[in-house]
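As structure tokens, here come the structures.
Both complexes shown next keep subunit A, but they swap its partner, so subunit B is in the first and subunit C is in the second.
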Partner chain A sequence: MTVGSSAVSTTPPGRRHRRRNGRAALLFLAPAGLVVFGLVAWPIIRTGWLSFHRVISPLPTVPTESVGLRNFSTALTDPALISAAGRTLYFTLVSTAAELTFGIALGVLMAQRLRFRWLLRAAVLLPWALPTVVNAAMWRYMLNADYGPVNALLTQVGLIDGYRSWLGTPLSALHMIIIADVWKNTSIAAFFVLAGLTVIPRDLIEAAEVDGAGTIRRFFAITLPLLRPVIAVVLVLRTIEAFKVFDIVFVMTRGGPADGTQTVALYAYITAFSNQSFGYGSAVALLIVLVVLVLAMIYIRLLTSSSGPEDR
Partner chain B sequence: MSLEHSASQREAGGNATRQPASRRETGRRPVTRRHRRDAHAPWWQHLLALLVVIVFLAPFAWLAIASITPAGALLDRPLRWWPKTLDLSRWSAIATGGAATPAGGFRQAMINSTIVALGTVALSLTVAVLGGYALSRLRFRGHRMVLLGFLSTYMMPPIAIVIPLYLILVQFGLLDSKIGLILVYSSFITPFVLWTLTGFFDTLPRELDEAATVDGAGRLRILVQVLLPLCRPGIFSAVLFASLLCWDEFLYALIFTSSSSSKTIPVAVAEFSGKFSTDFGLVSAGGLLAALPPVIVALIFQRHIAAGLAAGAVKG
Partner chain C sequence: MSTSTSQLPRRTFLAGVAGLGAVGALAACSSGSEAPSSSGGGSTPGQLQGTINGLFMKQAGYSEQHIRQMAAAFKKANPGVTVNMEFVAYEALHDKIVAAAAAGTYDLVFIDVIWPAELASKGLIADISDRIPANWSTDILPGALNSAVYQKKFYGIPWLLDTKYFYFNKAMLSKAGIEPSSVTTWDGVAAAAKTLKSKGIVKYPLMWSWSQAEAVICDWAALTASFGGKLFDDSGQPAFTSGGAVQALEFMRRTLVDGLTNPSSTQSLEDDVVKVVSAGDAAMGLNWTYMFAAANDPKQSKVAGDVVITEVPNGGAGRMSVNGSSALSITATTKNPDAAWAFAKFVSSQKIQEKYVSDSLPIWKASYDSPSVIKSAPEVVPVAKEQLANMVNRPQVVNYNAISQKLQVAVQKALLGEVDPKQAMTTAAGDVEQILKQ
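For the complex of A and B:
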């Protein structure tokens, strides 16, 4: 067994091991480090490099030509990218707000003493476990303009006069994608809230009850403020996810009609892989990363400062 | 019953041991303020819950019905909600059709997805067990930086690295292969497993290592024979969660696989729902098939899933 290296100790005293184990740590971490460096760190460096270049003939040797900052300046004035960014922002705000609101309501409901509560929990687990692509394909069929069961149901109960093309216009399609996304992702918000509820001390609620606070008052005065760390985590998580949205849009509409549901991730994909503009696609991807990075930093801060929803 | 009154169900579970005992002694419900907790929630909450269950189950139910409805009947107006005749042909086509047919393609894609998930988890778990041990047990310079480095790679959006990964796979001739996909998936499964395992190792007392060291065991032996058996539940939930992440992944699979021998089930479902959009029965059957493994795993292992949920939710 190797005894640690001679590195200068900078860690606070009082921990049991005073020795350093630099060499052993290196050995143990090497395999994971290799995987992560080779498959994440190196590629991200390459993306950075590519974003300053134009790929002349993509494969297999990847000859390139340096273009300086031109990819970025193009991106920032690219009307398609700007409208995709606006759309992605709208999708992110609306879907996250809806998922959080429904998630809180559902989480609180799941915590109640319901008969057949297991049934509710199982039902809530289903959309969460459903693969994103299957969810999207399912809603694409549900909302089909000519044969979709949503049209059939709404017509049969008399809510609409005739079949509608739900995915036929950009605005309608975008909202249908939001509905499909909320249907699936409310579950995860609800489970987080449920986990957060279990750590709220009962004494607080009982004390408020004794003081005569009503149900609604108790919810807004005690439960909601105490859920704040959980809500913050869900908010950031869902925001990151929503901003990167790709799968559900790709399967439901392919970004159509008339690019009306194209999101930034979809735009980067199409630029790089349909148009084979690897350089410009890399620049767009990096801009997305920048936004996600800021959101992720907020998340890490939340995770390391407050203890968050610690399931056990 | 108030909204948040029974919010702390699990905590109440801790006291539950006391409660039945006292009830047994007195032979009746205790007349404390606790008795309200025994009451069920009011009717409107049950109604609300029923509504939620219907909203979440109805689409699944329709997929199941559509998958056994004759193709022509699915095009009827008005649509009938239960078929006059059952049609099991899609399920038999999935079970027996050739890999080149759409139905047989679903079966092949399920097999591919399984292999990719198993391979990824095996590779990631191996390297993450070693790395997690180091991060939890060994002291070295830059410890915190390494930990945060792994966490940040986990949150890297796939779109940011997909272009170079594509070029690398082409270079090594691994495009459109299961091995290539396993390697790529390890890029986000490894940091996830590593992060989770480090957390589990941290919960084990260091005295265990010290006792084993005194007995003359080396680090690798301590890890394999002392620590690993103790965090089996943790490893189990990490594995479950990692498999679900692999099963769900779409962007990489879409770009890196194209032939039926490496295409995963999300790609097969996405392609089919785009191309043959009039056989809704087969779309439904394929979708259900793809959903079956994760749904079953989630239902059976609810508790394990909950443990991995907080960490796993970071990924998208």
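For the complex of A and C:
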């Protein structure tokens, strides 16, 4: 039996190889890890820390003060935030319902064997391809009371007798933002539905046809129930996105008139950056995340229960 | 025991995570922690080196093209300094200054007259009092100085002197048989608007920038002053619940109810006023100096040559307006304060300001007696000389933005008829008092 002359030589070659591989893996993972840490983990950690402090400047050199849960308790009784939450909920419900309804209709239409189906699909996709900020600026221009094409068109076809200030009153402005949002995001719902339609077995439809079921009956008895998982996915995505709505409101109205279009995300932004109340703004942002998480959990539960047991 | 080659040894992994954390922590600590030297002197012009990044406003005042020309002239005199410029709309300016502060993105930022208190108290802009020449306090108009001073210290270089003026379309008034002298009071303006509307010359004679933004506060502050009111009393407490402030708001609301004001005013900014007046769709409006050149430019206006600039009409307390001046501030995080100072001083010099007088009137008192300046803007200078001496400041308090937002909403609620003007102001006063206590 021989004894090794050094520690290095006693290390089994397999372990050395694994260690080298481990170091190489760490090296390769480092850039991605750095990006994830910098863009995801650190902002979350920082937002969490800020929400328990009174922070009045973005500069780390300016002193901060620990306030415990005060930012959260203030948020829960803040009339402006409560009002914005109600408005955001209304926006979420109406826009998501409209996007889903129009999305199903467009998805079914795109699934038909039409002559210019490719053109229809391209046209439906176009609004979704537009950046939200561009979409918002476009709608703001179209709805301009003095030189926007919407007033010109509606006046010329006789639907209205004079130019209207579409973004001039709170209720009207909120609904115009909903229209702009629905115009953009119906596309994604439609393409989800189209994808869902392609997996519905053709023989089920044909059997119903043989049994004498009409188009409407076939849709409600076969197509719609089989689209439930897809509809659930669309609901999850759109509800979460709609509750976080910020950019379209920021560009179209900046929350006005008279705070009539202010949403919770916009309120968090204004509080943090315009008013430099970074602690309170962070607390509001965390509350938004909490609501979105709850919504996501509810929908995921619905989604899993709507899938058959074989899918679980 | 077998170990998969894809797994990292625990110690190595933890060391890596710790390393990443340290990098993040170091990045966070280093951002913005370096205070600049605000000492005077430094390099002499011509010997300066380095790059400065400036953030400017893209709307009223000096045009982007002219600011770039100023930078080119500066570069010629200081070949070692590169000036990078970014232009954003006024509405985005404040938040961009705040958001970029920790990263130290900018060396020089354009600030509104309402921001020195906030930005200085929060450490975002540098105290440059010891760089300011002694003669500036006497040679520069007080309105411009206000845009750079907080608690008797200079936090910026006065650059843009502006106030709101009253504009009217003389051709429209003439067609309606209205004498220009009758629109020197707000009652006269309302009467003229009724005549213009009843004679079918223009559907909505008045156009304003009453969007939920600082613009609506500027208009309301100007009217409040001309009606003899104050937004805040001498002790800094709300004074807008009675007197001129409420009268001004009632006047504004009445013009909407009577169909004299374009309803789109409640969603409009200053640029919209320029567009609507320039299109011949309004006869009168309040706006900053830049509207005179824009509305009388045949390339962008259908009514070029017809738009007259005059002082804000009298509501009973004089032809008062609101201070809308701006300054250039050196950021607290700049690595190159000398070059930033040299550039700001260069573009605010009397020589440069007099060269670009068509964009904005100079901050220098002497310029208003200069024949070349008067010749460059003969319609504007005499009016400006009067109006610049009769303007009020909005409150210069640390939480101005939060206060302004409450007031914007209250004013808009009154304008839209959601609440009575007096009630709107009383409710807002409670909110503002709370903010002032913070």
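Note that in this section the second predicted complex is superposed on the first by the 259 of 312 C-alpha atoms of A that agree within 3 Å, B and C clash if a C-alpha of one lies under 4 Å from a C-alpha of the other, contacts with A are read in each partner's own complex, and residues count from 1 in each chain.
We adopt the following convention: a residue touches a chain if its C-beta (ideal position, glycine included) is under 8 Å from a C-beta of that chain, and two chains touch if they have at least 3 such contacts.
None of the values given here were measured: they were computed from a predicted structure.
In the superposition on chain A, contact is made by A:A25 with both subunit B and subunit C. In the superposed model, A:Q156 lies in contact with subunit B only, and not with subunit C.
Of the two partner chains placed around the shared chain by superposition, subunit C is the only one that A:T253 touches, whereas subunit B remains out of contact. Applying the stated contact rule after C-alpha superposition, one finds that A:I240 touches subunit B and leaves subunit C untouched.
Of the two partner chains placed around the shared chain by superposition, subunit B is the only one that A:T223 touches, whereas subunit C remains out of contact. By the touch criterion defined above, A:I270 reaches subunit C but does not reach subunit B. Contact comparison for subunit A: of subunit B and subunit C, B touches the greater number of residues. Contact with subunit B, but none with subunit C, is seen for A:T132 once the two complexes are overlaid on the shared chain. In the overlay built on the shared chain, the residue A:G33 is in contact with subunit B and with subunit C. When the two complexes are overlaid on their common chain A, residue A:Y147 makes contact with subunit B and with subunit C alike.
Put simply, subunit A uses residues 17, 19, 21-22, 25-26, 29, 33-34, 42, 46, 59-60, 62, 144, 146-147, 254, 273 to touch subunit B in one complex and subunit C in the other.
Considering their complex, residues 1, 4, 7, 10-11, 15-17, 19-22, 24-26, 28-29, 31-36, 39-44, 46-47, 50, 59-60, 62, 106, 108-109, 111-117, 119-134, 136-138, 140-142, 144, 146-147, 149, 152, 155-156, 163, 183, 188, 191-192, 195, 197-202, 205-206, 209, 215-216, 218-219, 222-223, 237, 240-241, 244, 246-247, 250-251, 254, 265, 268-269, 272-273, 278, 281-282, 285-286, 288-289, 292, 296, 299-300, 308-312 of subunit A touch subunit B. Residues of subunit C touching subunit A in their complex: 3, 5-9, 12-13, 16, 20-21, 23-24, 27-29, 31-33, 35, 91, 94-95, 98-99, 101-102, 118, 122-124, 211-213, 262-264, 266-267, 272, 275-276, 279, 281, 332-333, 399, 401-402, 405, 408-409, 412-413, 416, 418. On subunit A, the positions that touch subunit C within their shared complex are 17-19, 21-23, 25-26, 29-30, 33-34, 37-38, 42, 46, 56-62, 144-147, 165, 167-170, 173, 253-259, 270, 273-277.
Interface residues of subunit B, counted against subunit A in their complex, comprise 1-12, 33, 37, 39-41, 45-46, 48-49, 52-53, 55-57, 59-60, 62-63, 66, 74-75, 77-79, 123-124, 126-128, 130-131, 133-135, 138-141, 143, 146, 148-153, 155-168, 170-171, 183-184, 186-188, 190-191, 194, 206, 210, 213, 218-219, 244, 247-248, 250-251, 254-255, 265-267, 269-270, 272-274, 277-278, 280, 283-284, 286-287, 290-291, 294-295, 297-299, 302, 305-307, 309-310, 313-314, 316.
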